[in-house]
Amino acid sequence: MRNVTFGNRDKMPPTARGTVPAATVVQPLPSASATSDEFLLNIGPQHPATHGVLRVVVTMDGEVVKDIVPHIGYVHRGLEKLFENRTYEQIIPFTDRTDYLSAIANNFAYVRGVEMLLGLEVPRKVEYMRVLMAELNRIASHLLWLAAYGLDMGAFTPFLYAFRDREEIVAMIEEASGGRLTTNYFRVGGFVHDLPKDFFARLRKFLARFGKALNELDTLLVENAIFVARTRGVGVIGKERAVSYGMTGPCLRASNAAFDVRRDMPYSIYPSLEFEIPVGRNGDTWDRSWVRIEEMRQSLAILRQAMEGFPEGEHRARAPRNIEPPAGEVYSAVEGPRGEIGFYIVSDGTRKPYRVKMRKPSFSNFSALPEILRGLKIADLVAVMGSLDLVVPEIDR
Amino acid sequence: MYAPLERGPIGRVLSGIASLGKGLWITLAYMFRKPITVQYPEQRVVLPLRFRGRLVMPVDPEKGTNRCTACMRCVNICPNHSIDIEKQTGPDGAPLPKPAKYLYNLGTCMFCNLCVEVCPFFALVMSDEHELATTDRGGFVRDLAAEKYRLTGKKASWWQRKFRGSDSGE
Amino acid sequence: MGHFLYDLFYRTDVLLDAWRTAAHQSWAMRGWPVVILDVLFQLGWAAAAAVFLAVNALFIIWFERKLAARIQIRRGPNRVGPWGILQTLADTGKMLIKEDIIPDAADRGVFKAAPLMVLASTFLLFVVLPFGRGLVPADLNVGLLYFLAIGGLSVIGILAGGWASNNKYSLMGGMRSAAQIVSYEVPAVLTVLSIALLAGSLKLGDIVRAQPAFGYILLQPVGFLLFLTASNAEINRGPFDLPESDSELVSGFVTEYSAMRFAIFFLAEYTNLFLAGAFAATLFLGGWRGPLLPPVAWFLIKSYFVVFLLIWIRWTFPRLRVDHLMAFSWKVLLPLALANLFITAVLVKVL
């Protein structure tokens, strides 16, 4: 392999060095002794609260959680191996399906990686379209998180309010791409179709309405006294521990660590946009919820700026019909709704990649779960797992 | 920007009670608003033009037949190998640029639209059909050429604008 | 005819009394034992209460589903019958034809008896409920005490259901539910005591008559809120429904129940909802008193208004965690109820 081209590796923050205590290494099932109060509780793989097909074996001492052993792999589809046998264009619809709630962010990360390998520059209009789509996707994903989290907590109404707003976003994306969740909209060099004619009219209407709807959702769920009592001080993870687990996204920012890929490993037009990064103070569950609500507000600001500065141009750069990047490797990362979505693509000069490794935020976030939950009561398990915003297909790929 | 600081004990109690009251007020206000239900199946949502429903090979109203030349591009690009083509053979046994059978597997199709994009003759369209539930797995593999699908409505005019070259980018 | 209709709605008790004395005399003339007539009368009351229970369940479930739907910007059931009124009937029919499963290792006798125990305690509360002027099946001298005592009887049924299911999660759920009901009895009792102090009697008929035009709610606003919260927790509803929630880990005591047994638990829960509303209306809102409309109508309107409040609360708030539940009852509601009682006692003595 020639010339190694790394995306933004020299700008990446240094990793926190530290030893991982033995207790967090996945061990074989602990045997509960017959004399103590310990017993094993198996949650999943079918369970309404685990947000996917996930199995967690909890060693409990009465009501208190002593240890957790997570078992993943129920949704493993062998995608990384599959990618070795598909051409670069054929991989794009599969990246949608790794995390179907942030399909656009996944598309973005992958397509950017391929363009870096090819050395392809995209028109400015494409960059603006990409940011518009990515931020809409972020709002839609956070709304679904809010809806599902409310349902876990026993509040049934925020679910429907959030889905009503999400329906508007998803309808906009459907008009543009043809698909609601698995959009398959990005292509190497740009987009399949241009934005439809009434896209900006709809976006303007949405922006005018959504601020108020978001405040309503905030008041109804996150600021609610019962919710605050259940989440403040629960499931704390400190800044150093969070960084050492490789957590990213809202889970990391809630622990007082201001790391956002859009700021620290910037891509697309984000350096020219003005927005703030919400950072929590304590790293507890309430902070994680607060950070997501604030991120939705900041996404609104980004959408407004992108809409105002939207340039003319082509919606797709001229890319070769057969995408055969020169041999090399690249790591391209974007800030997805759950954290840093990274694609490490190794090309050997043919039409199919040699290796595609996907770095998914839910995997790292989930790995911190044993440490977060140790010592908490079992009733907090649902609250904490919901606040991590896990999507299991992303964990298993 | 940082999360708001926690309030003192009295502030917490008062803001807690206020939040309960505000929540109740919001739900009360919603009781008097019009519901957003679309009463299916009597009412349907209007589907956008680019909606990706079932794949069809429509009949070109001018030509009277489909536009496929069996170039195999769609077969090669489908990520799930859902398409299979058998070419027609002429009287001398040589293959003709027409499909004898165009086998489409609805069960493995993931509605990604790559086949439609790659077809240079605009022979394929993703229709508006999305109510595809069936109890018979055998009905998944269909011969789209024999189906002689007729597109109707806006999708038909959109499709025809594409191959006539007057598509304004909808 | 007009007179008769007016008497039927506005002076039902007078009509009933007149009919009863006439029947007494006629039976006495013919030499039949009058005691049987009294028993038949009471059986008639019981039958009326049973019919009311059934019709009420039908209505209240529909009411809850429609109201919940309106809060959630959707329509609610609207296919079965006009505005979906017959939906509950359809659901009951579905539950009747389901397979009745009894777990292998379950305690069969207790398993079958548990739903009936809960329903019995609910049904017994109809005895002291003043439906209208003089329309009480039995206006006991200790009506209030009876209400509090029998209201706590459902705990036995819940514990029995949890135990007999032979499922450790059902058992835990049943015990949690029982602990919750018992804890929230205390503030309820203290609040109701303030009402008894104000009215000067434990007889529910007297309490209704002793209230001012608007009811005691103006004199006891905190008491009303306390009673509402405590009742909500006692009927295992609203933000206090952890024991029976389906998205938490420990499923409730009804897990192993299917078909008609589950339907009986369900029926008991919704009847309890109505009773909570009815007692709140009787004690705080003035019972059957009100201008123009017949007393029974006022009673129903006030009860369903409180039911509306309880449904509204349920669909707005998330669930309380188990330890919060207990802490809330013992650390918040109990001191408030004690303070309320103290202030009421002082004011009653002084004024």
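As written, the chains take the letters A, B and C, and residue 1 is the first residue of each chain.
One rule holds in what follows: a contact is a pair of C-beta atoms (placed from the backbone, for glycine too) under 8 Å apart; a residue touches a chain by one contact, two chains touch by 3 or more.
Only a predicted model underlies this, so the values are computations on that prediction, with no experimental measurement involved.
Asker: Could you compare the number of C-beta pairs in contact for A-C with that for B-C and name the larger?
Answerer: A-C
Asker: In terms of CA centres, which chain lies closest to the overall middle?
Answerer: Ranked by how close its C-alpha centre lies to the overall one, first comes A.
Asker: If you average the CA atoms of chain A and of chain B, how many Å lie between those two points?
Answerer: 25
Asker: Per the centroid of Cα atoms for each chain, what is the distance between chain A and chain C, given in Å?
Answerer: From the centre of chain A to the centre of chain C is 47 Å.
Asker: Rounded to a whole Å, what is the gap between the Cα centroids of chain B and chain C?
Answerer: The separation of the two C-alpha centroids amounts to 52 Å.
Asker: Please set out, as single numbers or ranges, the residues of chain C touching at least two other chains.
Answerer: Where chain C meets two or more other chains at a single residue, that happens at 71-74, 315-317.
Asker: Out of chain B, which residues touch more than one other chain, so two or more?
Answerer: 20, 23, 26-27, 30, 36 - these are the residues of chain B that touch more than one other chain.
Asker: So which stretches of chain A touch two or more other chains?
Answerer: 157, 161, 164, 220, 224, 226, 229, in rising order.
Asker: Help me check something: in the complex, which residues belonging to chain B touch chain C?
Answerer: The touching residues are 20, 23-24, 26-28, 30-37, 39.
Asker: What residues on chain A touch chain B, complex-wise?
Answerer: So the residues of chain A in touch with chain B come to 86-87, 89-94, 97, 157, 161, 164, 171, 174-179, 182, 184, 192-194, 196-197, 216, 219-220, 223-226, 228-229, 232, 254, 276-282, 287, 290-291, 294.
Asker: For a test of understanding, state which residues of chain B touch chain A in their complex under the given definition.
Answerer: Counting only chain B, the residues touching chain A are 1-6, 15-17, 19-20, 22-23, 26-27, 30, 36, 48-52, 77, 79, 110-114, 117, 126, 169-170.
Asker: If you look only at chain C, which of its residues touch chain A in the complex?
Answerer: It is residues 68, 71-74, 239, 241-242, 245-250, 315-324 of chain C that touch chain A.
Asker: Could you please specify the touching residues of chain C with respect to chain B in the complex?
Answerer: 67, 69-75, 312-313, 315-317
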